[in-house]
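Chains: A, B, C and D, in written order; residue numbering restarts at 1 for each.
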Amino acid sequence: MYQEVILDHYKHPHGRGLRDGDAEVHHVNPTCGDEITLRVKYAGETIEDVSYEGQGCSISQASASVLNDLLVGKELTDARKIQETFLELMQSKGQIEPDDSMEEILEDAIAFAGVSKYPARVKCALLSWMAWKDATAQALSTSEAPPRAEEAKTA
Amino acid sequence: MTQLPGLLDTEAIRKDFPILDRVLHDGKKLVYLDNAATSQTPRQVLDVLNEYYEQHNANVHRGVHVLAEEATALYEGARDKVAAFINAPSRDEVIFTKNASESLNLVANMLGWADEPYKVDHETEIVITEMEHHSNIVPWQLLSQRTGAKLKWFGLTDDGRLDLSNINEVITEKTKIVSFVLVSNILGTHNPVEAIVRRAQEVGALVLIDASQAAPHMPLDVQALQADFVAFTGHKMCGPTGIGVLWGRQELLEDLPPFLGGGEMIETVSMHSSTYAPAPHKFEAGTPPISQAIGLGAAIDYLNSIGMENILRHEQALTEYAVKKLQDVPDLKIIGPDTAEDRGAAISFTLGDIHPHDVGQVLDEQGIAVRVGHHCARPVCLRYGIPATTRASFYLYSTPGEIDALVDGLEHVRNFFG
Amino acid sequence: MTQLPGLLDTEAIRKDFPILDRVLHDGKKLVYLDNAATSQTPRQVLDVLNEYYEQHNANVHRGVHVLAEEATALYEGARDKVAAFINAPSRDEVIFTKNASESLNLVANMLGWADEPYKVDHETEIVITEMEHHSNIVPWQLLSQRTGAKLKWFGLTDDGRLDLSNINEVITEKTKIVSFVLVSNILGTHNPVEAIVRRAQEVGALVLIDASQAAPHMPLDVQALQADFVAFTGHKMCGPTGIGVLWGRQELLEDLPPFLGGGEMIETVSMHSSTYAPAPHKFEAGTPPISQAIGLGAAIDYLNSIGMENILRHEQALTEYAVKKLQDVPDLKIIGPDTAEDRGAAISFTLGDIHPHDVGQVLDEQGIAVRVGHHCARPVCLRYGIPATTRASFYLYSTPGEIDALVDGLEHVRNFFG
Amino acid sequence: MYQEVILDHYKHPHGRGLRDGDAEVHHVNPTCGDEITLRVKYAGETIEDVSYEGQGCSISQASASVLNDLLVGKELTDARKIQETFLELMQSKGQIEPDDSMEEILEDAIAFAGVSKYPARVKCALLSWMAWKDATAQALSTSEAPPRAEEAKTA
């Protein structure tokens, strides 16, 4: 499960540190104590920044780093698609063999496929993604009514 | 050999139960007719238990090593099996307890500590029936003593059925919870769920169904029952001792407070305060009965391999046969419904003036195991003015031949004390 | 092979534990160092469980047939074994529960519903410690929330021991109950019982000792401890899951109210009121964990055949060896006493900045099973400002070779994340 | 366990029925519902009558009949000795092989030896004996302070 990519992100996290944002959330994984504080900054529908601080295992830390890589600069619609695809992969219990289209969407995050076989670690990998989802909901509800995920998809 | 329509292939089934080969008292073959007290355990379940301890044993949840992951997958897999067995809308609605009694007490305690609208207090009423097992009486007596709530109950008709004639007076706007047995362990009566649930829903009361004598013997569908909680116990359905189940509707399990506190049921703990895990874990404090839950899962696999519909049909055939044959025994009086209609496979009776203890003892000398006493349902004995009953109860491995042996045994008892 | 004085003949002992032969991840032999979470089960215990189900399975008490009498004799025989194992003055002081957590909750609930002089209410205080397992924290938080009683606790010193310097302020005339762990499952600390009991007796408070991590590892004498209640759990001492014990002083068990209501715990039941059986049955509602109690009895026979003194000596030798070897691992910091003195065989540590989850996972890949996390003792992690620890814990079948494997494994972890 | 003697006493109980007495007790065996109402009548230290009514199994009924046979007309000291010997026999779990001196004391009651092997039935056999002990204590406490069993034995 410790793919080189994961270890790289763990040792050299991308975009770490808290910067200015529209909303901040704090998420904890009660079973292992992993924690993350995460902020999102939007420019309209575009993700301008995802900044974070946290402590936890290599999987949760690397996952936050990958998230930052993948989502910053994306449109919300695309970001949601990435998040959902990552969730699907992580909940697959090692049953999904990622295909080309999945790899195209998830890029480095595809390295987490192996983690999905370890139920105890899936939550670690998802921690920052859940925090992002939550922070986004907050940021958008304070600005304007956000498009719902379903609508966004068919748009 | 007597052949009845609907019987299972007991010759094959009995091979799965090593204990049924036991020989007692110098040469008497065991005739086990005490299945309402506890069922026997097939080797398929014992194999799973052994394999668990020999290959996978570890504490569940939060482990990152292989054994812990295997044990967790097996334990949570058992929850999936139970959920499917009772057609639960969600696996998270299945709580593992140590027995049905704990399941019933769990609900009583949840309601005792609940906030409105669930809270049971001195202004509210609790409804049970006169045919409940003590495990569905005493928790409510305790709750009523401790909260001041009024305990009410449905009485019984002379032929062993619930007297629902005064249902609107028994279940009122003050009723917070109605708890009743689906199939009585002493009378065998199968109760009319729908009428009770309908009235309970009318007044907004919760419904708890004690399915301890139902889950082992018939298909159980918690959605069709429309109850809020359903309790049952593993050792009566081919599972090991030490495991029970409480099913509860998700939103109730979310809203209601925890009962036992400890490891596994928490989200986060500090010395000053704690928050709780979502159900089902919220109600499973401490190391759960891991191998027992897995054993229950194996028992469910076993029962499914035979088919709950088939088991029901088998027992109905046996019950019909037994009710008829028993009624031919002079002085024998069935306590409970005396036809096979709307009844389970537990048949209580008295035999003239011969005390059930003596009946049981003399039957035992012939290798026939029945239960005697008040069967943890003493109010039923009081209701019918008898000190106790003898009870024969059947299961998927029971045969007409065993019923014949019982009837012969009872003749012997009569001669002995005649 | 490393030879240490006091070691048991682990080569012989390991043959009793089939699971220890397991091979993981393509050829890695299992090194099981998660014994504080749960112990493995010897075939002697499995044999007894199988024999029970294949020969004697029946519901206990009040049966007149052979199986019921055999099952009752076996179940009550297990109670005798437990009583002897802990040197209880009377077998009737031994209550079977489903796990230590239920035992601890049982005491909290008894006191919540008790009359004076035991009653815990808003004018009284409850004392625990900062190193308790969540199962000895949450029940008291719940009791305190529900009664208004004040919850107080002893803090910890930097070297992982109880800070008793303010004992007279913590335990006061208002204290009704002091509940603490004999041996901590996270720090390994063996606590000074005498000082605490003396002060509790001075103010007339009851004492409950959580012996979950003691009973498996050392001779336990409830009379010498002078406690009022002692709780422990079967699955950590070679027994099956699903069984726990609460020992309590006879007169307390007589005076205190019941907890779970139901079959077996009653003397007589009518719809209007019930009276309760004497202890221990008063506290054992419903069909008890029959085979699990019998399995625990078999586990006690097994432990006795080796000798609790010998097991203690073995673990002390291993602990001393492990503490030394671990301290040679760079960046490794033991959380808890860093000598083998007054400590049990569970050793928690951190390894530089490497998160325990990663430590555990990489050890697992080498077949080494340790536990990582807060070990159901999160306040300890908060106290020492760490998110979690890695914990290795030993038992009678553990060997110095396994400790060497752990140390090598940790080197590998360091290189991997280095 | 169903010795001829026991069945005889069960079918033709001796001294059954409630008659005049100094004290009355009602005992119940909660596990099986056996019940007995029992009265004792003393003339000084002499047992003038033990009368009873009850319902229950053959063992409990026969035992009451045997008790009536054995105790009526006895001095309290001797009666206590009989009661204690019977208790000892019943608690022996079938381990005691009654010797001559025991047989001399217990007479017909020796037939209950076999019952002691059946834990569930021992309580049935003891029901009337416990009731007698209780009633005696009551009768004597209302008249004069009774000699304690220990003192009586050494007297």
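Please note the rule applied: contacts are C-beta pairs under 8 Å (C-beta built on N, C-alpha and C of every residue); 3 or more make two chains touch, one makes a residue touch a chain.
Everything numeric in this text was worked out from a predicted model, so none of it was measured.
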Separation of subunit D from subunit A in steps, with touching chains one step apart: 2
Interface with more contacting C-beta pairs, comparing C-D to B-D: B-D
Distance from the mean Cα position of subunit B to that of subunit A, given in whole angstrom: 47
Distance between the centres, which are taken as Cα means, of subunit C and subunit A, whole angstrom: 40
Subunit D residues counted as touching two or more neighbouring chains: 31-32, 118, 120-121
Contacts with 2+ other chains: residues of subunit B: 62-64, 68, 266, 268, 357, 361, 372-373, 378
Category of the chain touch graph - line, ring, star, complete, other: other
Interchain pairs in contact, sorted by label: A-B, A-C, B-C, B-D, C-D
Residues of subunit A that touch subunit C when the two form their complex: 1-2, 7, 10, 31-35, 55-59, 118, 120-121, 124
Subunit C contact footprint on subunit D (complex, rising order): 28, 30-32, 118-121
Residue ranges of subunit C touching subunit A (in the complex, touch as defined): 355-358, 361-362, 372-374, 378, 381, 387-388, 416-417
Contact set on subunit C toward subunit B in their complex: 18-19, 22, 24-25, 30, 32, 34, 37-38, 40-41, 46, 49-50, 53-59, 62-68, 98-102, 104-105, 108, 113, 130, 133-139, 141-142, 146, 151, 153, 233, 235, 240-244, 258, 260-266, 268-271, 273-274, 285-292, 357, 360-361, 363-364, 368-373, 376, 378-379, 382
Partner subunit A, residues of subunit B touching it in the complex: 61-64, 68-69, 72-73, 266-268, 277
